[in-house]
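The structure's right below; bear with me while I get my questions together.
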Amino acid sequence: MVKRSVIPFGPQHPVLPEPIHLDLVVEDERIVEAIPSIGFVHRGLESLIEKRDFNQMTYVVERTCGICSFQHGMGYCETVEKIFDVEIPRRAKFLRTIWAEMSRMHSHLLWAGLLADAFGYENLFYQCWRIREKVLDLQEMTSGGRVIFSVNKVGGVIKDMDADMLKAILETIKDVEKELKVIKKTFFDDYSVKSRLKGVGILTPEQINALGAVGPMARASGVENDMRRLGYAAYSEIDFEPVVSNDCDCYARCYVRIMEIFQSIDIIRQAIAKIPDESDLSVPIKGNPNGEAFVRLEQPRGEAFYYVKANGKPNLQRMRVRTPTFANVLALCEMLKNTEVADVGLLVVTIDPCISCTER
Amino acid sequence: MANITRSPWLLHYDGSSCNGCDIEVLACLTPVYDAERFGIVNTGDPMQADIFLITGGVNEQNIPVVKQLYEQMPEPKVVVAVGVCACTGGVFKDCYNIIGGADQAIPVDIYVPGCAARPQAIIDGIVKAIGLFQERLENSEKESDKVG
Amino acid sequence: MADTVTFKNEIEEIAVDSLVSRAEELIKAGYRFSQACAAYIDDKFELSYSFSNYDNYDLLNLRVVIDTDTEVKSITTVVPAAVFYENEMHELFGVKIVDIALDYKDKLYRIKQECPLGPSGKEEA
């Protein structure tokens, strides 16, 4: 019989930008079980509802996570708007869509870079991050912030994009698209990249459904769930098809995310073509929210879930964010079984972990 | 050889930040901002690190981790707190699980403000840290000369 | 064109005893577990268990309202994905959930304060 031993992984690990700890039970080099322990980044953000009113909470919720910051703000605002039962101006919807897709682009590029770093392809890592900076420049130009840009408010958005900005966005994404096509080739066709990714970390659609995995993780295993189809913001007026792969492995997850960057470029183009010329960016909100609402939306990492309950006071009764990584951690542990220790870093990265989201 | 100085190695740890500062720290190390041109090298190994970049406040669970990482680093060392959360606790100051800024766990030398801290500010912090590190290195060399 | 879907988004109030059986029914009917969360409102716990159907994007939220000392049977026997959610409810609110498949016993987040969002936490604040 092979002797079992436990290898601790994390919380501080070169491959991880964020702390997560896994106890890997191994037999020789093979992992038998992985037990996650989280809580290194737990802040208790949901308790701040007692101290901040529902408008101020927008900015707290945006700081759930720095990468999908905009989408967190948007999700929270959509939820409170649903309680108020207000419809935000059409232009604000389109602006939200454009910003949301920009943040998806930068998040996926960031992930692609980290993946390249995890399999030891430093050049590719730097190339991804170089391209990503162009998207960040666009975010800074339109909102004033590079990663956290607080442009949402309950009832609409705060900032507008003028014609010059929209033109600059179109020019930059054309540039990004051109460069992406080059790195896409490396990710999809390179011999060594393929040998690291193909057939590693298989998750069947049945496992995905049983463990509740979401987003690109699910779509890479043939489970087509894309919350953008719910038609929040301006997605109801945009033509897109969720990217799905049936390979179920790390390569498929890579494929889905890279193709989603192209999809985001396409969505931004459509949104800019259709954006209406209005001067109103928000509707006035009177009084305090009263009621409860559940809202789902598609973040770069998958389905995020917002729940707000209020009783007519400025402070909410309950605010809950279920982030995509929280749903994906269990799938990660399942995926780690029967893999080699050397692949752990890579596998952890392929779920696109966002630990600060997870623990809030 | 007088103008050849040691390249300080940099260790980055995410306390309980929201990630915003972490990706900005990483952005600093990648092509556009490229802090490595100042002679630093990013490492994942505390035992070889000279500058400790910490983002986010500290909480009950990561205090021992932060302390351990700091103790594992060889002398002399410099600590840079990046972002308002690492400085004071930031927006999360009132949360039940946040003790405060990074200085609640370890001595911090340089505070970089911002939410999220901009790459320019982080680079400024790193450059200051390099200066402080050289100063401490010279001081410790002088002292060891005296002893020797 | 990927049509946007019209979807149901409903809350269904059920008794605490029927939680596990109702969850099992939903899973068999093709629903998938989405999330679970607790809220401490007016000296009672409100638990929401959300299930989505990814064929038509319907969302069904099971709502259980219980006293703070009522024991809730874990749904992890039928829904393995609920492990973290139930541990979280137990740790942050103090909801008495029994028979969780992987019970972290208040060590999921390892926070100092006990049940910060539950009854004891509210009193201190």
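Note that the chains are named A, B and C in the order they appear, and that numbering of residues resets to 1 at the start of each chain.
To be clear about the criterion, contacts are C-beta pairs under 8 Å (C-beta built on N, C-alpha and C of every residue); 3 or more make two chains touch, one makes a residue touch a chain.
Because the structure is predicted, anything quoted here is derived from the model rather than measured.
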## Note on the structure
Contact tally winner between A-C and A-B is A-B
### Identifier of the chain whose CA centre is least distant from the whole-structure CA centre
A
### Summary
Averaging C-alpha coordinates per chain, one finds the centres of chain B and chain C separated by a number of Å equal to 40
### Message
Counting only Cα atoms for the centres, state how far chain A is from chain C in Å.
### Response
23
### Query
Rounded to the nearest whole Å, what is the centre-to-centre distance of chain A and chain B, using the mean of the C-alpha atoms as each centre?
27
## Note on the structure
Multi-chain contacts in chain A, i.e. residues touching at least two other chains, fall at 39, 42, 44, 47
### Task
Going through chain C residue by residue, note those that touch at least 2 other chains and give them in order.
109-111, 116, 121
#### Entry: Multi-chain contact residues (two or more partners), chain B
59, 61, 96-97
### Task
State the interface residues of chain B toward chain A in the complex, per the touch definition above.
12-24, 26-27, 30-32, 43-46, 56-57, 59, 61-62, 65, 69, 90-92, 94-98, 115-116, 118-119
## Note on the structure
Interface with chain C, chain B side, in the complex: residues 59-61, 96-97
### Query
Okay, in this complex, where on chain A does chain C touch?
37-39, 42, 44, 46-47, 50, 209-212, 223-227, 229-231, 235-236, 239-242, 292, 294, 296, 303, 305, 307, 309, 317-318, 320, 322, 326-327, 329-330, 359
### Summary
chain C residues touching chain A in their complex are 1-5, 7, 9, 11, 32-35, 37, 39-41, 46, 48, 50, 52, 54, 57, 59, 61, 80-81, 83-85, 107-111, 116-117, 121, 125
### Query
Can you list the residues on chain A that touch chain B in the complex?
11-15, 17-19, 39-45, 47-48, 51, 59-60, 63-67, 69, 110, 113, 125-126, 129-130, 132-133, 136, 145-148, 354-357
